[in-house]
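In structure tokens below, several structures.
Both complexes shown next keep chain A, but they swap its partner, so chain B is in the first and chain C is in the second.
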Partner chain A sequence: MNSKHRVVSIILRAALLACAWTAAAAQTGPADAAAAPAAPPAATDAAPAAAAPDDFKTLDQEVQGLKKDVIDLNKDLFVLEEELLFPANTQVALYVSMDVGTFFALDSVTIRIDNKEVKNYLYTAREADALLKGGVQQIYLGNLKVGKHELVAFFTGKGPVERAYKRGATIVFDKGVGAKYLELKITDRLAKHQPEFTIKDWE
Partner chain B sequence: MQSVINRLRPLILGGLLLALAPAAQPKNVKPDPNGLPPQDVKDLHYGDVLFYFYQDDYFDSITRLLAARQLGRIPHTEGEAELLLGGLYLSLGEHVEAGRIFEELLNKNTSEAVRNKAWFYLGKVWYQRGYLEEAERALTQVSDKIDPRISAERYMLLAQLMMREQRYDDAIAALSKWHGAADWTAYAQFNLGVALVRKDRLADAMPYLDRVGRIETRSEELLSLKDKANLALGFALLQAQRAAEAKPILQRVRLEGPYSSKALLGVGWADAGMGEFKRALVPWLTLRKRSLLDSAVQESFLTVPYAFNQLSATGQAAEYYSSAIDSFDAELKRIDDSIEKIRNGDLLDRLLNDDKKDTLTWYWQLSTLPDAPESRYLYALLASNEFQEGLKNYRELNYMSRNLDNWRDNVAAYDDMLDTRQEAYKRRVPKADAVMAATDLDGLTRQRVDFESRINAIEKSSDVAALGTPEEQQMWMRLKRIEDYLVTHPDDPDLAEMREKHRLMKGVMYWRLSGSFKARLWNERRSVKELEAELKETQKRAVLVKQARAGMPTNTGAYAGRVAAVRDRMDQLQQRLADVSAQQNRFLQALAIRELEGQKLRISTYQIQARYELAAIYDRASSDKPKAPQP
Partner chain C sequence: MRQLLLAGSLILAAASFAAAPTMVGKDAPDFVLKARDGRNLRMSEFRGQVVLVNFWARWAGDSRQEMPALDRINTTYNRAGLVVLGISVDEDLSRAQEFADAMKVSYPIMFDTGSGIGRDYLLEKMPMTILVDRSGVVRYSNIGFKRGDERAYLDHIRELLRE
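Moving on, here comes the complex of A and B:
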């Protein structure tokens, strides 16, 4: 092989490299631009086929099935735990919801049942944001005997014009033989430009 | 790269949330000036699911959703919940299950907007995972009535999918009809140009690539695309032996950008192609000082001595070839060491060492590599979907294994709890039996019935005295006795005054008793009712106690059975997780080693070439020497 011939072979290889590169650089758009390969240089010959795409798919499908089984087991464990620790005939679940939140930014909630503090919860910004988006937090799950009980909830946070704000809400409720759900609602009372705190008894 | 990945995350997340938002719960929109009425939560448990969903905690969210669905706690939000479930499966990389749910759900009365977004994200995940056929099916389900940016990305994904399958004509046809958002046009033109080059239609490709290569922008992403377009066009022209046209285009690539090395290599080749070897040395010598990891730099180790050779500077050429051989030797040794380390080591665990382990999200990507010798070779791998998706699988398997470990402690506590309950049951049973034995509920019921009959009789006979106070009844009895005496002495004149007094006192007493009779009767009836209610409650509790007494051993046994069953499932799944995790580890190791072997192969080829050229120089040098005089 003379020198010129070899140069041509180098140029050709470079051109092949460019072609391989252009194919690799096909974009899906701005978001994927970053993820586009920084031109994995084409090897002159085929690389060892240690991990073919089919291997990926086979393995991926196995992983899919396995993850689904773990998710199902997790659900069964969750249900078992609740039924075991909080049977329906004694179960009391308290939820916090927040509607709009223009006049109140939630910092914490304290809950007393029958004059005994059962929960004092401080909210992270992420959690408060999740409430604002429409999430409802199960703040307390416990057991109570059948009969009448008193619930008092204190809400602290920032009220209108960024003032420290603390308000309470109370309810006397009847715990029957079925599970009892109570919703601590924070809503905006638009007419008064004030937040409102109520407790709803879900029959 | 990291910054762009960080930027990518909210984009994708935002997209998924947007896709699900209409289904999730379109509440809590900021109020308009007139105010919005507060919206009530329809199902508390669905709100609970959303609470975790909005915090990107998809694993907790899906667990709660599946549990709520099983326990029938989301009757008012069933449809929304099903769509959210599909989205959550997708977020956890469960694209098969997500696809099944979407296909089932989206054929029903789902709004076109939701349907489009669901198909789009499903198609995108399938594309990333290499399920090209499924991806194309999903993406073609998306109609054009969709956000222009999503529509643009959808067409781009389809085109890229066709290019991955080497269906360049299809890609060209799809991209030629492109009418998308302005900022996506450059990408469409670039892809179209690439597809045309691949079909050997350089003349057709040139206007598209040239246009992208000249765009005026400050956006780093578009600048990067501009460099790519110039590089692609420059090399395509070089390949077509049009070096003079290629050079100015390659010179448009930024010197400080990620593609500058390849551009420098190309500019050198353009000069060489025009016979300007001295000029070619300028970019090539610059390139030669850069990191040998770059393939363009590796090639410059050959092109520099080649140019010297062409300039008849044989000595320098030999020197550079010799130096290239040494450098390639050292690099091959480093790659061999790295392959060995990857083969024996815990590459994946080190890759994931700094990872935040407590969340699972579909947009997760590894963005940095640990500071290790082998890392320098693996950056190209980071950009590949196959490696990233495989790594994501490995990470998710680890997460799930940790999750099951956490449950293991709880499950052990359940056993203790059930034992304690059993003990407490044994202690309480004798007491409960004693109370039950001492309580004659039937007798009490009979007494209540008798009491009610007596009240009825009193009412019927208007026996006002029967409901009097004990004193009144005593008084009434005395009056009765006096009356009896008076009856037995009807003609005794001495009793006339007493008779009159008795008549008066009886009249007063009767007046008093009959005045309060109705109220007393009402009170008695109320007592009877209360008694009846209390008796019913007691009977109910007695039934509950009997049921509990009889059912407790069964209940405890059923729970113990369930606990044992989940423990078995946990053990089996942990074993499967370990096996599949190991397989995934081997797969990714093989990918990493394949990458390194590829680099090794390329350098080896360069090295052989360098050795050959050096030998040729020596050969020529020896043949050029004056021959020794013949004896």
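Moving on, here comes the complex of A and C:
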């Protein structure tokens, strides 16, 4: 389904949802209004009293259904927004991951694409800890035209024996028609007792 | 004529006061800055605590009076769940650091040199102090500092800590 069809589908669903919501509200209104004058006879007639909980149950189910539709619609709107802002043919996503991290305590990452700074991210202790526990962070999402591009990432932090540490990693990548995913990896180089910074191109 | 001028200036003053934007009632914009002790602090990570954010500048005379007062508040209410953050918006980083060292406050001092946090917080005059509740909403804002403001801060802090 292309973007146009998706937009039409979302608008139609939103309209239907609004109609359903109005109908449910209208149903609740008269039901409440009718309940008041019907109260005294209900004491003598057991049948309407038994029917009332069923009505509420149905109404509750309808409300639950509507809530689910709203959540689904929100999800579709989010996906649509992503598609419109970052179309797959120009999309570039960068991720940061950290393995072990004995020799490096991450403080910040600066990313330059084609000699232009696109991101500078400072890591709090909690965020660095989350990366050490295996978390992968999407640090940048942007658009790039098809062709060759240069990405330079600078990592700053504390290296072995608590020394201030700043290292860079570079990659020249070819942006094709599809989306491009790159991973900035921080790993330990056990043989040299030093951290290692690499950029992996996910084809 | 004089009365007319006076009335006009009063109306203008009232209009400018009414038009002054405020952050009260809005979500506190998130930011991350490096503190003087080297830690990176993110505003959203203090969710669940009451946060007092003080924007200060070396050239703002009121900051010199306000910072020791905030330090006393921090010492007393830190254990009760209050976080005090000082943010310098001075463009001259080295002089701002010197000033911060001279003030000897115990709460974290951070330096914003051009990341636009002041703009996000609608900072117009210095110093400015805001109080953020446990759910991250700005509940109180004060521009400048004069005697008695410390008491107002305490009243609001106690109220927010009780929530």
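Operating definition for what follows: the second predicted complex is superposed on the first by the 127 of 203 C-alpha atoms of A that agree within 3 Å, B and C clash if a C-alpha of one lies under 4 Å from a C-alpha of the other, contacts with A are read in each partner's own complex, and residues count from 1 in each chain.
FYI, a contact is a pair of C-beta atoms (placed from the backbone, for glycine too) under 8 Å apart; a residue touches a chain by one contact, two chains touch by 3 or more.
Keep in mind the model is a prediction, meaning the values are calculated, not measured.
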Notebook entry, point to check: Now for A:T198: first (chain B), second (chain C), both, or neither, which partner does it touch?
Noted result: neither
Item checked: Broader residue contact with chain A after superposition on the shared chain, chain B or chain C -> B
Margin query: Going by the contact rule set out at the top, does A:L122 touch chain B (first), chain C (second), both, or neither?
Written below: second
Next item on the list: Identify the partner contact of A:D107: answer first if only chain B is touched, second if only chain C is, both if each is, neither if none is.
Entry: second
Margin query: For A:Q64, using the defined touch cut-off, is the partner it touches chain B, chain C, both, or neither? Pick first, second, both or neither.
Written below: first
Next item on the list: Using the superposition on chain A described above, determine whether A:Y95 touches chain B (first), chain C (second), both, or neither.
Entry: first
Notebook entry, point to check: For A:V136, is the partner it touches chain B (first), chain C (second), both, or none of the two (neither)?
Noted result: first
Margin query: Looking at A:T170 after the superposition, I want to know if it touches chain B, chain C, both of them or none. Which is it: first, second, both, neither?
Written below: neither
Checklist line | Contact residues common to both interfaces of chain A (with chain B and with chain C) | finding: 126-127
Checklist line | chain C-touching residues of chain A, taken from the complex the two chains share | finding: 107-108, 122-127
Item checked: Partner chain A, residues of chain C touching it in the complex -> 32-34, 39-42, 45
Notebook entry, point to check: Which positions of chain A touch chain B when the two form their complex?
Noted result: 3, 6-7, 10-12, 14-15, 17-19, 21-23, 25-41, 43-45, 47-51, 53, 55-57, 59-64, 66-85, 93, 95, 97-102, 126-127, 129-138, 181, 183, 187-188, 190, 202
